[in-house]
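For reference, the structures are reproduced in the following blocks.
In the two complexes that follow, chain A is the common piece, with chain B as its partner first and chain C second.
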Partner chain A sequence: MTRSATHIHAAGYSLNLVGLLGFLIVVVWAMVAITAPWITPYPIGEIVDFDYFGPISDKFWLGTDYLGRDILSRILMGARYTVGISLVAVTLSCSLGVTLGMTAAVVGGWLDTILSRLLDALNSIPSKLFGLVVVAGVGSSIPVLILTLGVIYTPGAFRFARALAVNINTMDFVTVARARGEGTFFLIRSEVLPNIIGPVLADLGLRFVFTVLLLSGLSFLGLGVQPPDADWGALVRENIGGLPFGAPAVIFPSVAIASLTIGVNLLIDNLPQKIRDRSN
Partner chain B sequence: MNKHVLHLVLARLVIAVITLVIVSFTVFAATVLLPGDVVEILLGQAATPEAVAGLRAAMHLDDPAIWRFFRWLAGILTGNFGISYANNMPVADLIGPRLLNSLKLAGITTVFSVPIALSLGISAAMWRGSWFDRAVTVLSIGVVSVPEFMVATSAVLVFAVYLKWLPALSFANEIHSFGQMLRVYAMPVITLSFVISAQMIRMTRAAVIETLNTPYVEMALLKGASRARLVLRHALPNALGPIVNAVALSLSYLLGGVIIVETIFNYPGVAKLMVDAVSTRDLPLIQTCAMLFCMVYLLLITTADIIAIVSNPRLK
Partner chain C sequence: MANLVEIRDLKVEATSDAGRVIEIIHGVSLDVAEGEIVALIGESGSGKTTIALSLMGYARTGCRISGGRVMFAGRDMTQLSEREKAAIRGTDVSYVPQSAAAAFNPAQTIMDQVIEITRIHDLMPRPEAERRALELFRALNLPNPGTIGRRYPHQVSGGQLQRLSAAMALIADPKLVIFDEPTTALDVTTQIEVLRAFKSVMKKGGMAGIYVSHDLAVVAQIADRIVVLKGGEILEVGTTQQVLDAPRHPYTRELLSAFEPKHYASPARPEMTARKPPLLDVLGITAGYGPVQADGLPLMRALKSVSFRLEEGRNLGVIGESGCGKSTLARVIAGILPQAKGDIIFDGRQMARSAAGRQKEELRKLQMVFQFADTALNPAKSIEDILARPLAFYHGMNRRQREARVCDLLDMVRLPRTVRHRRAAELSGGQKQRVNLARALAAEPRLILCDEITSALDTVVAAAILDLLKELQRELGLSYMFISHDLSTVQAICDEVIVMYNGEKVEEMATGLRQAPTHPYSRLLFSSVPKLDPRWLDSLELDPELVSAFARR
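Showing the complex of A and B:
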């Protein structure tokens, strides 16, 4: 560990300007998600304007929604649901997928075949449809959403990690460790994982974007976060009535989603080459 | 086609069938094995213990789950999709006309977007690094990284609110003239086209660029061939397999997009039917719609894989 720490100062780890911009956007939304209850200008559930779908004004920076509630406050609070749920779900799917993927690659044989076949089958259910079917069966709540999103993106993480781990598995140092008599768990943790962690983290970022998009899509259909809570997708849904006259209440939640997903994409695309392609 | 290729294609088909069985089990398990008693929902106020027991027996709900799964699968295979809980109509009758509508929407979108996406993707690859290429790339990445409903709301804002060319969110049931039909279909088709074109442009561009990096294209360049000739005569014929593969894969994005688009524009298609069925928990209808979607999706990605196998010259 100490050796790799000294190598961080080596060339190739600097972030370019566009990547930095993406990084800043992500950090800002993360801060908003953490501090939301303290920075909202108005209480989120309170009707503060007698006019509904109010325009942008000094008092209400992003206008008001279909009941006359402050949209800025609701978006700031919505960051909690969108970022929070997606982050937990993506952590779940990646840790599950990557662990299974590495195990499949290291153990090989029938375990590998069965896991690959099973998860590939799961992957051939369109993601939005899977969400619909589960919500139809169990009903929607935040734990159900997290689990569903986590399961939906596990096969992708599995396939990605397995492909990387298969390459590492043929390296001499893994063969040596095997000859030493190390167990599967040791091989995965100490030989394979450190060599694929960079690309796996970049992949986690991309999967986070997919998760945010799917969560917003489900909420938009009314099957995600349920009222009175609202994530950004649900905010678009409840204010869709303002669309024909271009109300800011329906535009800004969409802009929030776009800024987050594009920000993460910019960050991932401009990550230092060394982090992205460490396995090559 | 030689024996080796035939073998690979057959193996892919077998995998598709196995996948379909696993998928059908997943769909069945997710909707039926999870909590929430269907019978009590169906009977509502009239759910006396005797009525519940009677209906349970009539619906074979007391049989083991695996037995119910096979009965359901056999029903699907023989075209018996069950009876809708919500309005007591056979599921097949409910889905039939809706399916036709959805296919119409998907067909028009495909006819409209494939030529545009391919020409944009190929020309972006042809003038790689130019302002045109950069604009196309940025736009397609932008569309890919925002939710589908945002593409739809943006289309409404631009074409209905600011330009006032098209009606906003209404979908007329009565269509009397060609002009009217054009106006009604325009918005859903524009939205869906954006969603699938973005994928198709990116994949086509990547496929052409990959063949542009080969030695024989470099050779043609050294001989003094023009850029257009380089792409159209030398690179394109060899990129055809990957491009058709990209088209089939991109069309699978129609399935996700169509769920959002039919809901937002109130289009009477299968996806809207399914979203409505979810809110009424009409399980037979949901299961059949889900299987239908999965089958189309599997068909598209299997076709894409088979095209990739058949068009790979290294396998011949």
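Showing the complex of A and C:
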């Protein structure tokens, strides 16, 4: 192959270098989220420095926050909340939205009309406002956050998947399957889904990024993860006072958010391609 | 005297998506004299349009003229700058595209577009251009020449639009006109009018023409010489009479024999005493689209009370022009479009209106094959998965049985077993249609509905598919309902034919009996099919009343 220089082949899949970079960033953050309690150098709630907004030093690799707590430890633990909550929420919203979207497109008729109007109505509520109202009303806990974020991003996923599936639905091969007597579940899983999976995954990546940003936003407003625990958004908010001093305590949580969102985008735009053997 | 066009050793390269360079025209040389019409004929992918476009110094996106000379009126089109080429295009060489509907801008009036060339090249003042356009409208036999220019493209029919695109090409009095399959998308009755108009205008103006087509019979009517192409090479050049009567190259002979497919039909009805109840009995079907009216019928009725019956082991052809309701008929029978009125009795059982209400066993016995092989195969699945699904669905086979059966099916449709790992995009048009057929066969049906299954294929490939259908019928005892607009295809395989016009069945007859059609529309339709005789168009006399009554010009 002529393009193998920029491609890595492994386990029957081909991945280009940019995709690999994104993949590595995502894997590193995922590993951090899993192993955080064992790799943090200091307990996250403990004040370990007499100075506040301390600089980068041998003892504190990323400096200290507004109370003198170790920022590295807090970012490592924060990954758990940011990556975990966002991942579960985005999986929820995409699987719900895509399933409903494909069903609406394939079944059509009144089911399509009802679903579309219902989710359009939900879509018309601004996402931050919706999050604020729910969290302020019910109180903040991790399940509430996950459900709220999931619900907020369902209409978008629904619209996206429905628009793609409507096009596929008019193709003759779907008609063939219908005339064969196949049920709705087979139609959406086997005929429609494989043909829209690429754009849907790209959309999932984008939606993950939105979720991370919205979660960070909610935490920044004080409605997300509650102290002394903190996700990355909350870390930015806590330490916003250090911004005039250029404190690493406010820079590094922002860098963490940026690296994760960019990493996910790079991976999604360059998903591994399955190598198919056509020789035999 | 030097020829108007002299192409010498033309080579065109294309760059594929993977960056590989493929030569698609391998050193073609041909001449066109002043006032001569030369036809380029060949299957899809043979390079006929690419060669025609090179006469304008143009290569499609991704293609490049890599060698040779294209001399037009003494100038080498490959050496000219883009500005010089633009000056020649439209004025000295002009182009009539395959799809006139796609070539017109829906937002401008027809007149504006027809005289656009004179405006761009600043050839004549507008009133003079409009006067010339009017002359051309008359010469091309367009109805209401005085007012047609004020209409928009969607307000005229396909045949008229095709003639208008010829007017657009002829307005600047070019030396050479390139026709790129201009009648392929038209119905046969419309095609005659368009061909006649082209021919008379070209002869009167003494213009040279390049006529690109895959249809030998159409080409025979209009061309002086025929160039047979295959795989980017010239196989044979000769005068029309010579190519038709004494083809030298085996491929040309194959093309000619494919034009007259072998006749398999056995029109004689079986003994009346031995008749079993029919396999398919269609009783007074009315169906259509749009909102349901007060009388319980849909607004747009595509089928109006159509009835017919089909005996076991026999084949029924359904012919008619586009929009006559023949495809709707197949969709109703297959349960894709529920009928508003009427009954379908298949294999002794009344069928539910929609496929969802039919039993699995009923669905299994009646399979449908679609016109466009590419859209009927799921591009995300391998051929094996596509063929294995009906096996699991209807017959409940396990994995090992399925694998063996898929190989059997591929053998049956004469495809190598290795294609089962491929996807639809990696097969040719004819191979895809074979896979479609194999999927229908996987159900072990009694009746297969074939909706224009050979229309999108090249003549030679289509003839092979017909052979295959007949062979399968002999082995498996199938029946076919064969829908087509192509009379010769239907005559080749069907024992009986029904002719449809405007949603109604106008005639039912046995093929091959040399029995003349009785309904005036069928007479018009049958006489409109081009024959391989070059004198056919000139000698053809159609009853003008018949034409005005039925042909949608």
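Going forward, the second predicted complex is superposed on the first by the 252 of 280 C-alpha atoms of A that agree within 3 Å, B and C clash if a C-alpha of one lies under 4 Å from a C-alpha of the other, contacts with A are read in each partner's own complex, and residues count from 1 in each chain.
We take it that a residue touches a chain if its C-beta (ideal position, glycine included) is under 8 Å from a C-beta of that chain, and two chains touch if they have at least 3 such contacts.
Model, not experiment: these values are computed from the prediction.
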- Task: Classify the contacts of A:178 with the two partner chains as first (chain B alone), second (chain C alone), both, or neither.
- Result: second
- Message: Just to be sure I read the superposition right, which of the two partners does A:18 touch: chain B = first, chain C = second, or both, or neither?
- Response: neither
- Item | Touching partner for A:191 - first (chain B), second (chain C), both, neither | second
- The answer to whether chain B or chain C touches more of chain A is B
- Task: Would you sort A:135 into first (chain B), second (chain C), both or neither based on which partner it touches?
- Result: first
- Task: Would you sort A:111 into first (chain B), second (chain C), both or neither based on which partner it touches?
- Result: neither
- Where on chain A does chain C make contact in their complex? 2-3, 171-173, 175-182, 190-191, 194-195, 197, 276-278, 280
- Note on the structure: The chain A residues in contact with chain B across the complex are 117-118, 120-122, 124-130, 132-139, 209, 213, 216-217, 220-223, 233, 236, 240, 243-246, 250-251, 254, 257-258, 261-262, 265
- Which residues of chain C touch chain A in the complex? 18-19, 334-336, 355-356, 358, 360, 363, 367-368, 370, 372, 375-381, 389-390, 393-394, 418, 421-423, 426, 439, 443
- Note: in the complex, chain B contacts chain A through residues 15, 18-19, 22-23, 26-27, 30-32, 34-36, 141-142, 145-150, 153-154, 156-157, 160-162, 168-169, 252, 255-256, 259-260, 263-264, 274-275, 277-279, 281, 283, 286, 290, 293-294, 297-298, 301
